[in-house]
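Listed below are the structures to be examined.
Two complexes come next, and they have one chain in common, subunit A, joined by subunit B in the first and subunit C in the second.
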Partner chain A sequence: MKKMLVVFLFVAFSVAGCIGIEKVQDGENVQKILKIGTTMPIKADNIFVDYYFGILESVFNDRLFTIDERGKIVPELVESWKVEEDGKVWILSIVKNATWHDGEKLTAEDVAFSINYLKAKVPGFKAHLALVDRAEPIDKYTVKIILEKPWASFLANLVVVRVIPKHVWEKVENPLEYYGEDRNVGSGPFIYKGFDKTAGIITFEANKNYRLGKPNVDKLIFKLYKNTEAELMALKRGDVYTTYFYARGLDPIYVPALLADQNVRFLVETNFGVDNALWFNNKLYPYSVKEFRIAISYALNYSEYSKTITAGYAETPKAGFVPPGWSYYKETRELVRDLAKAAEILDSIGFKDFDKDGWRDLPNGSAFTMKITLRSDLPESTRLAEMIKRDLEEVGIRVKLVPVDGMSFRKIAEQERSHEVVISRTTMWGMMMWAGYGSGYVDSRNIGWANVEDQELHRIVDEMLKTTDEARVKELAHKIQDLYAENLYVIPLYWGKIIQPYRADKIEGLVYNPMMGILNKKTWFSVKVKE
Partner chain B sequence: MRLELLGIAIISFFIFTAIFAPVIVGLIPHDKSEPYSPPSKNNLLGTNDIGEDVLVELIYGSRVSMFVGLTSAFVSTIIGSFVGIISGYYRGFLDDFFGGLIDLFLVLPALPLMILLAAYLEPSVWNIILVIALLWWPNTARVVRAKVLELRESQFVEGLRCLGANDLYIITRHIIPNVSDLLFANFTLSVARAILLEASLSFIGLGDPTYESWGSMLHYSMKRGGLLNGAWWSFVPAGICVSLATMSFMLFAMGLEDRKKRTKAIGLEV
Partner chain C sequence: MSLFQYFFRKFARYSLVIFAIILLNFCIPRLMPGDPITYILGEDIYYVAPEQIEELKKEYGLDRPLLEQFKLYMARLVRGDFGYSFSFGRPVIYVVLEKLPMTLLITIPSTFMGIVIGAYLGIFTGWRSESVFKRLLTNFILLVYSIPSYWLGMIALLIFSLKLKLLPLGGAPPLDSDLTTFISHLILPIATLTIFTTAYNAVIMRGVTKGISEEYFVMTALSKGLTKIHFLNRHLLKPSLPPLIAISAIEFGFAFSGALIVEIVFSWPGVGLMMLEAIIARDYPLLQALFTISALIVVLANAIADILCILVDPRLRSDF
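Right, the complex of A and B next:
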């Protein structure tokens, strides 16, 4: 029995040792491996099934357009483009040296197929391509996209369109059920190698034939963690060299713990999204009353939210909602806490404590409770809600918090729009969609958490959707921010920073991108693994 | 006896704290400070992830834990004793029906089911009470049923029937008093379990986020960097309180059982 145990242990250690060596050595060359920790809950390696695996798609696939470090839309697979018929027809010339990982050439056929296929078969893309009538190849490297009506900001939608190989996907009837070996053939700098679900490891290898050259690292490994604590312990141990979560940096509450480790450094970047905001359902009374919303804005303690929720890595927001990183950002009035002013406005519009129970009632005398819906799966959101509740109660507004899970939240706020007030954040891309400047979240005709039907807002948005003239776009961008500031359809709670930790003793040269974070071309060609 | 007294002393302490929480909080320093500040003169047990006083949270947390523990144990004991008495006393179809129901609930994996229910229902203190009460009654029902089966065959119950006593009279005047010690012991054990369950549900984020409980203190500490920041004061006191409260009810129940055994041994039981 003992002998068997010794033999078993010997074999086990030998196998483990061999695996360890294989990871770092390839023949005589030591492989450069970049290990990234993530708490993104990836369950399946199909980009159409798993939202978070779809985020990693940018590692192994190129897109038509992308976002640069300053938040501008720049071409990736597209070489040049032109718009005809006032934004109704888009003609894209694509690069001629792109190839798929299986050696096939990437052509206009693939691009046209991708657009038509995504619109027809992948539910998540229907909204992005809602106004697309059809896409067709003109020649081998030129594709024509015909829209149902002009859409000036269509480029923002092309940023998220996945270009997939026609020769792989044309035979697939239901992409949500396809798990063929070639499902992750892409055209990007890395080649998908596999997902070990038991170990929680997703592996990519450098694409030596990539059109822009071979990336700096030979292998890219994503290690999945169930929680941030475990992920950051791994970072401190050096098991991973940096961390990643789409559109979100490190929760600032963890920064003090990491500051103590001299090997851990941070990239602190501008967040183009709004970290957290209070979204009123502007169709419902009393949230439809402008003065009421303004009174609420004076009751909130912005500096406290910034200090406690973000450990100071945020600034007090301005009433114009759109954060300062954006081009055509307009300085509007700063949001401040003034309880006397809040009380004065509430009194002036008839929200008084008629029954002397300590809570303000509606002007008709009936009791009023503000119901705030929040995501129970986001601890910072529940903490923030508790603080908002306390702040509003100080001016006599009774608040009921309604915690719901992520799926219910989307159902309530987006599909049913049955909410009164919600607490939620926006992503960078979310700020860009529809007519940009967060209009998709505000306008009742799009995602519409704020459910605004204001004719003035609709008029500005409609013009922004059509306008390609930069001077006019700037004018409209300023107008929409003024309108946000004046009406406070939504109250930003703080403008935070994106904090990206990394091990300075293991890697250098990470580049942050406002949309995809560190997963971008600049990183792949500038990152250096030190060991 | 000593165990029982120790249990009673700890329970009394927590109940006193829960009732007089606002008064006690008024007597201790509890300034709002930086997140995860260590214990100091201004914050005797330090601060949590949003700079609030941990001791104040602990004191208010005792309200939720005690309320959920006592209420859900009370409801589950009422349901369990009703089912147990009816089932054991009447037997026949009712016994088959309730017996099947008890067996069904007993084979269900309680904790996973509670997690599922708590996740499905809106997170609130009342839903937690409902979930614990609805899934914890079969334990009480089973032991009560066994005892009632024994009692219904006893000579004094037979005698009462012969004297023309109706079922309601026998149940309320003779059966219930004879199972009361069993019910009380089960009730105290149920409180301990309920406190632990509330803490477990809150810890995994299925509690009511609008009320501070010991479980939610642990939840926020774990989810918002308490461990990594070395802020032991944000989770150790809450853990100790959950353990102490659970232990105190257990000690009380054990003490009651010991007393019953002693009484039985000297032949004083009726």
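Right, the complex of A and C next:
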């Protein structure tokens, strides 16, 4: 026994002694490597199969449009564009100096092919390109996209469209099963070098021929971790220099432990998504009653959610739902807790405790329980749901929490719409969908967690979908926020911040982008890896 | 009953169990609400055109009567065709063959070491267990046994990887790693798993040993004046083996289905983690394959254990 222990310790320490600090040399030059830890569950290196690998696609491929740091849609591969026939025909001029990693020129042929190919063969893009009739090249660098009907916010969909090389993909019948060596040929600042699935390492190398110049780092390495604790230990140890998760910062509960490390610093940024909100199924009684929803809003303790769930890295939300930072954000009334007011409204609309069992009943006297569905795959949802339950029970509303996983949530809230109330979050992209301003999740005709059939909302959304006039867009954006504030179809619970930790002794110059986080062009050309 | 009859009965029983497992794996998706194709396609079902769904149903034979479907399912199974994993974007068999060696790399050594060390620890603490040292050791083993493996793994990472910087923070060794790097990645996952398997086996073996030590043949053996080692190996270990073999068979069987918690803590790309990911992604073809393979291996390990028990325990041979 003693011998075995000695042998074990000997092997352990001799092995450990051999592990040195990594210093990679390329001829005479020391390579500058940016190492990023992630807990994104990447399983396959095919952008059409793996959602999270698709997120990394922005590293090695340029898109037609992108989002700038203020959340505005800006051109990337597009030089200029114009809209004809009131938003039915979109003509894009492509930059002339873009090339694929294999040396071929990127042309309008590639762009037109990509749009037609994605719509025909990739299930995930069918929704984004639903209204596209066809795309065709006009000349070498101009492409025409014809829609089935006018769609003013079509530009937002072009932000997610992948531009892929025609010469690679035209021979591929099923892109979901394609694993050819050239599957990740892109036009972006980094070149995909491989995915070591056993070690959980994805490697990219700087594209020396990139049209905007060579990025500041020679190599980009993503190290995959299966839990945040190990990822943050790696950050503290210096194995990785920063962390990344799409549309999500660091969970604030980890911040105090990292604050103790003088090498770790944080970027604290505005979140363009809504971290957590209470979504009523507005088609179901009693959630269809405006006064009932307003009463619920007065029962919730917003400042406590912000303090407890986000450790103070959030602000109390406004009734207008859309967080500040968005262009055409409108200041609406602040959501506050007022139990007396909540009780008064509930009493006034007949929600009273008729049978004296301590719980409010429906106006017709039958018992009432609010069923709140929450996502068990989002850890903060459970904590938040417990607090909401406690707060609502204080005004006599009996609550039942129904935890479900992400897939069941989608089935209940999107496919069946059988939910009463759900707690869920939106990403920045989620806020941009449909007519923008979170309308995709509110409007019953789209994803519709709030399942709103209000004709006034539909009218505003329809006009937003058609209008390209900026002044009118601003007017409509204000209108929709006023409508949200007045009706509270959905109650935002807090407006959180994005917390991005990094090792200040290893890197500097990270730039945060509201959609892709630190994975953006500005970072690649400003980040410095310290020796 | 002859030896042949005995094995024939065992074989028939295990065949029945295997058939029941296959039948369950066939029925479960069909008994669940909705169409089995929903589970095959996962969330992509929302975006796939109805005619494509019909095509897929035809391809999987889901448009045929149940009995015919079952025959088709069995035929695919015999060919080793478990279907296509939509979340991994590859045929299921490739995904399983990619992850299984990674799992076995940590579970087989830890199971083996856990059984051997646990058996000896159990016998040691179970034999004349009144001494203070043995009581303390027993309590320590119980303490280890009751510690959550996630916590123990995290503490190991904190000490050996973060504070002492001796070992990597997880992940399997890179493909191009040298021997030292390779071993360094294995140490913590194997050590954590070994500690738990050891504690579990020690607790079981302690109980068995305590029971046996009160038997008359033990007193006889001691009165003959045998050496301690001889006595331990021949008179104490041997009669304790059948329960140990039965437990070990189950442990080796489960070794193939991964060690989920340890795989999560050490970011180890094994079968346990893959099973969790398959559940989250509703990757039913992959789940069906994993359940079938795990169950078959547990059954096989039990069958081997039955044979081994007959070999080591003459009492079981008395009927033949």
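Everything below uses one rule, namely that the second predicted complex is superposed on the first by the 508 of 531 C-alpha atoms of A that agree within 3 Å, B and C clash if a C-alpha of one lies under 4 Å from a C-alpha of the other, contacts with A are read in each partner's own complex, and residues count from 1 in each chain.
By definition in this document, contacts are C-beta pairs under 8 Å (C-beta built on N, C-alpha and C of every residue); 3 or more make two chains touch, one makes a residue touch a chain.
Given the structure is predicted, the values throughout are model-derived calculations rather than measurements.
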Touching partner for A:D377 - first (subunit B), second (subunit C), both, neither: both
Touching partner for A:E229 - first (subunit B), second (subunit C), both, neither: both
Which of subunit B and subunit C A:L339 touches, first, second, both or neither: neither
Partner chain in contact with A:A367 - subunit B first, subunit C second, else both or neither: neither
Residues of subunit A touched, compared between subunit B and subunit C (which is higher): C
Touched partner set for A:V74, first subunit B, second subunit C, both or neither: neither
Touching partner for A:D405 - first (subunit B), second (subunit C), both, neither: both
First (subunit B), second (subunit C), both or neither touched by A:M387: first
Subunit B versus subunit C as contact partner of A:I201, first or second or both or neither: second
Interface residues of subunit A shared between complexes with subunit B and subunit C: 227, 229, 233, 377, 405
Complex contacts: residues of subunit C adjacent to subunit A: 42-44, 46-48, 84, 86-90, 98, 102, 117, 120, 154, 157-158, 160-162, 164-175, 177, 180-181, 183-184, 187, 191, 263-269, 273, 277, 280-282
Complex contact set, residues of subunit A against subunit C: 1, 4, 8, 11-16, 18-19, 41, 43-44, 46, 49-50, 123-124, 126-127, 176-177, 179, 196-201, 223-227, 229-230, 233-234, 236-237, 239, 377, 405-407, 410, 414-415
Residues of subunit A touching subunit B in the complex: 227-229, 232-233, 251, 253-254, 256-258, 307-309, 311, 374, 376-377, 379-380, 382-383, 385-387, 389, 401-405
In the complex with subunit A, residue positions of subunit B that touch it: 35-36, 49-51, 119, 122-123, 205, 208-210, 219-220, 222-225, 227-230
